[in-house]
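The next block holds one structure in the form of structure tokens; read it before the comments.
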């Protein structure tokens, strides 16, 4: 790992900053409908918050919060949400990824709106997890665990 | 008239079924393995023989297996020529299998399962060639034959054998590729590949194109028919076990090449077209060269098998010469010579094998005085040799007689001389062997009676006797003579 | 079943998400899941092919949006045919991958399966889609998966994979750029829509440049001759199952895209008449055939030899495209199938040999037919198919290619095709000769005294079955090639040729 | 969308690109690559592609650069060309 | 003339950038440099796509939610290239990720990331 | 070698620049790309998906399948890195 520079300022500042970044990431994911942003950007920001944590506090700190196992589960889970929504649409009579057929008691356009939200969340989770995973693997040359 | 019948397919499959059981029995159950070889060969012969009456009634047995390509079937068609070759090869397989068992057991050869398996597959392929209804089917089995005989050539697995195998493959595969080109080109010109008595290429393509096509065809099939200078592989391939040389390199493989040549001459191009293009005499001169040169080559060979190989080259070219002359008698004689030469040459090879099994001698110069030790063997040898030289009453005389007649019919005295010279050369390289074995003495050979085992002796004698019978009554049993005449009639109208 | 076009993609896709999840708890469950997913996928692809034959092309709108706006799946004879090839070969390779995977990468088998499935998903996605950009996305999925799968091979695989990554990325970028060029002048990404707009723009330089970009990009991806440099290293050092999948399927998918773009997106009039692309393709292909086979002859390494032979075989297929007549294209498409089966069988066989012998040196294969009789039998059949001996399938595609070359009056290709048969024979018989007729190690002059006490030591059944299945398929495809042509390939040839 | 501004930005982008591939120190090259990405990001914002710019800023210039830097730290900073 | 240049310079510069990347990819011996070139190459393509989508006097493609006027496509830049390029950027970073992983593996194995040195090492190992 | 590469790059660049002649002018509102497919996205997004950000609606709905593929690319990359780099220690 990149050798950590022990500095109280950095650790404290990062500890303060990280929740804000994460909140912002969530905001970007949720607010992709009406402003720039969406799953990718939000996911990357969430991932970046963890990367910042690695840089400021080291690998072990991250391991405590986001174990490798959990990370891999997140990788798959986000995509499962995405693909699952499509399959759900398939089951309820639409074509694949046709959110208009999701069983939600709203108009078709609004159902699509919600469908988009659903998949943005899925994308966000996957992107976050994968970004963390790639960074951890590259920065530790896989010598963890 | 066509009859749809599954018999040709069964005849082809019989060898493969036999091969399958051979593989199943393997080295552990030798007797079952050899029993299945013989069973398959007998069954195949009976199947083929059962088709003979239909052919004489003027019918053709047809079986379309599957469509290989739009308008191109994997098609079996049993016509006179096909049945002629089929009967010959399948009958000789029976006696060769008996002989093989004796030979292989006598020498305690290795990898016998592979040997019998490949043998059965090769015979299957030969049947496929005989009964092929079109060029593509013929080619498919022709290539299978190439591949299945390769392990037989390499059977000894020595460096020399491997080298011979390579040479064999290089020659035959190159030939195969040339044939493939010719077939594709024929298809391009005519859109059909079905054999038609008298040819189907007329009025397709220009004169030059057809000439080129003919040349590539003859070069392609000529490899297996061992026309000089494409013969090089045949003497080398004599490294194979004797039964292989006997059946495959005297009958099945080389005759497949000759069969292909004749199919091309008589059923693809046809006499009329060859006359029109003036190709027949070119071919005739070409093979005449082979006839004379191979005879001279044979004179100087000391290895008995190689001498026999050159004699084979000689005989094959004589057959093609017969077809190339395109006169009724010549064609009849040439085709008859396929059968006659088959029986005589197999006798000779069996003799060579018997000598090898008993004395481990392969050189001509070492056979002095052998007739006292192995009278039956040398007697059969004499029959075969005299037959090839064209001495009556052995069958070689009949075919050569008709060939000479054919040369006269075609008003080509040159080829008459070629035939006569070749007969003399035949005599010249065979008779010293007989003479020496009878009258010379040698330290190495014990002049007491000590014949080869009966499994070897019996097939040899059968082949020799048949050679004589066919000489006295050419129309005995399966009416080879009548068939040859019929083929002539069907194609030379 | 109206959703079957999408199901063949998402079943392996979703399974690949489940693989790492399951892998944490039960490693043993991954393998059945992979095999099951690919099995369902291949059955569905057969079903799709059947319904294409009976009802004609299938259209599927993803998300329910109509084509130029949404993404559309469009399955016709060509697609369906490719989908069947891809899914079935992947299925067989997946069965095979278990043992070889356990030997070659014991601790990473879970992720191996996951990426394997993603690779197949990517390939299937490329095949069935009717949208240019969607194709790019799946191309990248397949490529990324392929880079990683190659890299986990033996020593030397890393550089092979890296070079492939660089070259593959250039190829993919060229493709993407080509899509952009078409988009700037047409405003559409849908293949069908493009094919209707483009004829009016054939004289635009942008369209021509786009075409050139597509061809170069795809040639890079498939490893066509001057751009093949990544291929031998990648195929040689990758795990056997992966080389089999890459050589038999992935390069074919690139070929498929090339056909699709040349003759569907652009019409044959453009590809044949307006620009000299077919001539250029056939020349490169001709050189590729000779080059690949001559290089293959001198290789001592079995897999490297097969890799160079792949370069040559790609040449065959492209030559058929370059001939641009019915016969040539028939041969080309038939060869796509045949080479997929044959090369799959050969690479799997090579893998099996390596599995038992631990070496791939051709000179050290002596007496292999006693040790592994079934594998060697299958290998021999596949080798004969490569050489083009009937009745194996390789013969028939070669026959059609020759017919195509004669029809086009291109004698030089006829000669090259015939010559290549012989060159193939040289290097395949070298293997056969060593395996069947030579003892272990050096050749002894007298080998009569060699006993046959050596016991058969065949590879496990899980590896053997796919090899034998492929060998059987080689012969069956050969015998029934007429049927295949008259029911599928005949209709898969684009109109206007 | 002012074409003069556009042109200047493009010029900087090209300079950054050339610099990134020509400096010998890999860390500098990677930082220059990050700069290149940010300039691109500006360009795209200016062209109205806010979403893409946002993504490039976070993915390309952010995570991408971080990954490159991590890789440089894990391998070597030295480069022959 | 100036009109023409203004109407095309964007494309030219993207081509220049792309060629810089392309050149680095095919002729640099340092593997990291190749990857940097790859990123430049891909980014240039993205620039090209974004340029396709630009419309004169148009704004970002976010439409007003509660406006009563009909939305005119001419007033908003073309969103389709943006969508495509979002995908392309992600693909780019994914490719970089895999490539960097490979690079690190290569460094672990050969202790260098210069292509010619690796080739030499491999030849020595092979010989 | 480098010189050859440079020539290659120059040729490729030359061809690409040459082909820009036929491209529609930059920022032309009436270029095919701006009039053929894309207007519908802008005009119908609110009506059909209730999403004001057109990029999001196209990304996640009209061409949602691309995005699935794209997310899969990321997933693939993640898995590739794990496969390549991570050594799972045997427990």
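Each chain gets a letter, A, B, C, D, E and F, in the order it is written, and its residues are counted from 1.
Going forward, a residue touches a chain if its C-beta (ideal position, glycine included) is under 8 Å from a C-beta of that chain, and two chains touch if they have at least 3 such contacts.
In this text the structure is predicted, and so the values were computed from the model without any measurement.
Student: Find the chain most remote from subunit E, comparing centres computed as mean CA coordinates.
Tutor: Relative to subunit E, the chain whose C-alpha centre sits farthest away is B.
Student: Determine the chain that sits nearest the middle of the structure, using the mean of its CA atoms as its centre.
Tutor: Chain closest to the assembly's C-alpha mean: C.
Student: Where are there more C-beta contacts: A-E or C-F?
Tutor: Higher contact count goes to C-F.
Student: Please report how many Å separate the Cα centroid of subunit B from that of subunit C, as a whole number.
Tutor: Going by mean C-alpha positions, subunit B sits 43 Å from subunit C.
Student: What's the distance between the Cα centroids of subunit A and subunit B, rounded to whole Å?
Tutor: Whole-Å distance between the two chain centres: 78.
Student: Just curious, how far off is subunit E from subunit C if you go by their C-alpha centres, in Å?
Tutor: 29
Student: How many Å are there between the centre of subunit B and the centre of subunit D, using C-alpha atoms for each centre?
Tutor: 78
Student: Where in subunit D do residues touch two or more of the other chains?
Tutor: 1, 50-51, 55, 59, 63, 67, 70-71, 74, in rising order.
Student: Could you pull out the residues of subunit A that touch at least 2 other chains?
Tutor: If we look for residues of subunit A contacting two or more partner chains, we find 34-36, 38, 40, 72, 75-76, 79, 83, 86, 96-97, 99, 134, 137-138, 141.
Student: Which residues belonging to subunit E are in contact with no fewer than two other chains?
Tutor: Where subunit E meets two or more other chains at a single residue, that happens at 6, 9-10, 16, 18, 22-23, 26, 51-54, 56, 58, 60-62, 65, 80-82, 84, 86-87, 90-91, 93-95, 97-98, 100-105.
Student: Tell me, which parts of subunit C touch subunit F in their complex?
Tutor: Listed in rising order, the residues of subunit C that touch subunit F are 13, 17, 20, 62-63, 65, 68-71, 107-108, 111-112, 114-115, 118, 121-122, 125, 133-134, 137-138, 140-141, 144-145, 147-148, 151-152, 181, 183-189, 197, 204-206, 208-209, 212.
Student: Can you list the subunit A residues touching subunit E in their complex?
Tutor: Listed in rising order, the residues of subunit A that touch subunit E are 34-36, 40, 134, 137-138, 141.
Student: Mind pulling up the subunit C residues that touch subunit B in the complex?
Tutor: Residues 384, 387-391, 395-396, 398-400, 402-403, 406-407, 414, 418-419, 421-422, 425, 429, 433, 436-439, 443, 445-448, 450, 452, 479-483, 485-486, 490 of subunit C touch subunit B in their complex.
Student: Can you list the residues on subunit F that touch subunit E in the complex?
Tutor: 1-2, 5-6, 8-10, 12-13, 16-17, 20, 23, 25-29, 31, 33-34, 37-43, 45-46, 52-55, 58-59, 63, 66-67, 69-71, 73-74, 76-78, 80-81, 84-85
Student: For subunit E, which residues count as touching subunit C in their complex?
Tutor: Residues in contact with subunit C: 18, 22, 25-26, 31, 34, 38, 41-42, 45, 48-49, 52, 80-81, 84, 87-88, 91, 94-95, 98-99, 102-103, 105-106, 109, 118, 122, 125.
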